[in-house]
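One structure below.
Chain naming follows the written order as A, B and C, and within any one chain the residues start at number 1.
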Amino acid sequence: MAIPVLDVDNLVVSFGTREGELTAVNGVTFQVHAGEVLGLVGESGSGKSVTGLAVMGLIDAPGRIASGSIKLLGEELVGRSERELRAIRGKRIAMIFQDPMTTLNPVLRIDTQMIEAIRAHESVSEKAARDRARQALAQVGIPSPEERLNAYPHQFSGGMRQRVAIATALLNRPAVLVADEPTTALDVTIQAQILAEVQTLAADHGTAMVWITHDLSVVAGLADRIAVMYSGRIVETGPVEGVLDAPIHPYTNGLIGSVPSRNRRGVPLAQIPGMAPSLARVPPGCPFNPRCARATATCRADMPGPTLYEGDRMARCHHPVPAPESAAA
Amino acid sequence: MSDIAPATDLAPEAARAAPPAPLDRGESLLRRHAATFLRSPSAVVGLVVLVLAVLGSLAAPWIAPQNPYDLTQLDIMDNMLAPGERLAGGTVAYLGTDNQGRDMLSAILYGLRISLGVAAAATIIASIVGASVGVLAAYVGGRVESFVMRVVDLQLSFPAILVALVLLAVFGRGIDKVILALVVVKWAYYARTVRGSALVEKRREYIEAARCLALPRWRVVFRHLLPNCLPPLIVVATVQVANAIALESTLSFLGVGVPVTEPSLGMLIATGYQYLLSGKYWISTFPGVALVVVIVAINLVGDRLRDVLNPRLSK
Amino acid sequence: MLVYLIRRLSQSLLVVAVMATLVFLAVYAVGNPVDILANPDADQQERAAITARLGLDRPLYEQFGVFIWNALHGDLGRSFVYNAPAVDVILERLPATMELALVGLVFSILIGIPLGVLAGLKPESWFGRTIMSGSILGFSLPNFWIGLMLILLFAVELKLLPASGRGPTASVLGFKTAMFTWEGLKHLILPAVTLALYKAALVVRVAQAGTREVMLQDYIRFARAKGLSPLRIVGVHVLKNMMIPVVTVLGLELGSMIAFAVVTESVFAYPGMGKLLIDSINRLDRPIIVAYLMMTVVIFVVINLVVDLLYAAIDPRVRLSDAKG
């Protein structure tokens, strides 16, 4: 098997605060291969965005990568100097963010913002860079790209802006694209279009993607593998069909149950009671135990270790959900 | 965070902050504020310096070595003594003497009296005028309000120094005239500040309740509305005292402020200016230092007051 | 854009008109100029003659009409002291003051923006805090005293720079200016720095706040994710966004710089229109005072107009919305 494009191993990210050291990401491990899409799913505060930023080397003080490793095509990134990371950022790993209204600088023209992304990494002429920017815009489905290059961000709609951001991120053909909820702020129809386009682009270029979202339905259509995060840990991971059809972790099960589906009209949505714990007050044992129907004394005492399951899957649970007898669970 | 905005910016800043629920006039609130205030060492230093300056200027007739306004006490033979030299009368002029043989220490104490007095008087009058206008504008609303605020904006768009200069050029010199000029250029700040907070307070339930009781209008405005707009006003006024001191000293330095016979700090500095180039630094420098120390002290206190009285920042 | 321009222009004219009325009322209606003009020994007849000559016996509204009519023709009276048209006397001093304000403005930008940006990038660091405390001093200390201390240090003690006056002028593009001779520049440095300090303190605060705010924006994160160098991020992405509030503040303050020049020019015996104003106030040369005020108002209004246009040039969002409206 080829080495993974992105190999994150036992990553720990912590933030020094007044209340002490808070661990936002606690021993996260995953791999993404070329052309593969990993859906990183979780509620807000689960550490999924911090994981994405850590991969980019964009954790700012008071945060830091406390331990673990992030390998890009076998090369270690943790511990690299800012200068070295900068050469990788935008070139070999790119990132797009949630709110397309704010990720583009309002006072700079689109061409400026795209050309600088190319010229930060390659010494090409302004004109050559501009040509590439135009092609990239055309690729993400922006009509009359030449004119649009001269426009300012406020002259674009939200969906168009996110396309510009995606085109910008993909300008240098990065090996990895980290997408932090890039479609959450968009209309559903626009969201679908963009997802389809990104999927094609990633497949064409063989880009490995980490798609961070709280929306399981996005992951279902897009991802190859899924990793569910809760309170800084990956609690379940595996191929997308396997996980969605037969969740092992009660949290995953709860997440799936809370997604509205047309097959279950009229049935009240299942909910996960309570709220995700704040980083300062993570309960002892399995952090999910206060919200878990299956929790026992063991769960309140011990953090379950990773257990491997059939079908290339992993989950951390003392009391896994039994395999479903039917899909209507 | 110490984040003093310049005086001009402070007004809307302070005004935007919604004061807490109706002032609890109880002592506990005052004590709590005092305790919070004292937690900042720099503010305490500022307060101590300020109190000393006020006491020193009030006690000037008793503690100053001589009365610099009394020409019979001055000896022209004592002029331009360097710091530490002895006057003909035998007393040591620790800060030197000026061109008329005035002991600088005495002159500074008396000058401080005038500078502080003028600034305090101007600030009190201006804040009363401004607060009344502001609170009435907010309460009445409509055209009156927009007209008043237009005037305020117009006034604030012109530099205070220029307006004051012109007024004094028209009025002539004199302590009362300086105060008047300062009031004219400063009232608008208070009007803007108070109107801002009054607009917020006006919508609160206790005003509604007071109105429902059919209390007289003036009573609602001045007994109920105004007191609750005071915290931002106090903050602005504190900083504006420093500003008024600086402005008065500038006017006096330019020769349009207080009369020559009763020099304020600014005028002492102006006198010394003529001798600065010949190396007689003390006549300008020491009054200047006194001026600067007082201004900085007031700013430190004002800065802290802002933190204390601004409920948005206090936790 | 044209509609916008016309609207702004008419607003400006209104302000000038209002100020003209106020200046007229303040300076002409208070006190009697005859007292100053007439020989103290003049008898009733002589005084009456002067009053008639000046039109002071006519009703106020008529005097006002004459004042406005003359003002529209560029006639703001004759200086008693210089015995020349007040406008000419002031215009003669205008370049010196403009030069001072301009150099002061440049200094305040050169001092204020780098310090403000630095403080904004590291607000919690010791130098960030020091810069911010320093800026409080910058605008709470009386300007004239700072000027005196600079004279004491650089002119009296170190003997590096001249203490007063304006350097020799040279003709550049038809303007007589002291900015392009070494002597002239040396004379400008101290007064310009004095004048600049207050504004620099203000710019520091605005730039610091602006930088802090901009640094939190997603587009800065995106710019970093693109692998841009810190120099480019700060120099292009941060600076350009931060310049919007800075330009607004500076523009609004340029007018007050001309006003503050009154103080600075007096301290440095700098022959500009500010010193002329003080001299005229002390000599009761009323036409000069009126002319100065009217011209300052016009300068203010023009500056505000230019700032608005500049603002539109920096912020594309403003440009667009105005083009629509």
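For this structure, a couple of remarks:
Note that a residue touches a chain if its C-beta (ideal position, glycine included) is under 8 Å from a C-beta of that chain, and two chains touch if they have at least 3 such contacts.
Chain by chain, the UniProt names read as follows: A = ABC transporter ATP-binding protein; B, C = ABC transporter permease.
Because the structure is a prediction, the values reported are computed rather than measured.
Chains that count as touching both subunit A and subunit C, per the definition above, do not exist in this structure. Looking at contact counts per chain pair, the maximum sits at B-C.
Relative to the centroid of all protein Cα atoms, the closest per-chain Cα centroid is that of C.
Centroids built from CA atoms put subunit C at 53 Å from subunit A. Centre-to-centre spacing of subunit A and subunit B amounts to 57 Å, using the average Cα coordinate of each chain.
A straight line joining the Cα centres of subunit B and subunit C is 25 Å long. Those residues of subunit B that touch subunit C in the complex are listed here as 2-7, 9, 154, 157-159, 161-162, 165-170, 242-243, 246, 249-250, 253-256, 266, 269, 273, 276-277, 279, 281, 284-285, 288, 291-292, 295-296, 299, 303. Residue ranges on subunit A touching subunit C, taken from their complex, read 56, 58, 86-91, 94-99, 102-109, 112-113, 116-117, 120-121, 152, 154-155, 165, 168-169.
Listed in rising order, the residues of subunit C touching subunit A in the complex are 217-219, 221-229, 232, 236-237, 240-241, 244, 314-317, 320. Residues of subunit C that touch subunit B in their complex: 15, 18, 26-27, 30-31, 129, 132-133, 136-137, 139-145, 148-149, 151-152, 155-156, 163, 201-202, 205, 252, 255-256, 259-260, 262-263, 266-267, 277-278, 281-282, 289, 293, 296, 300.
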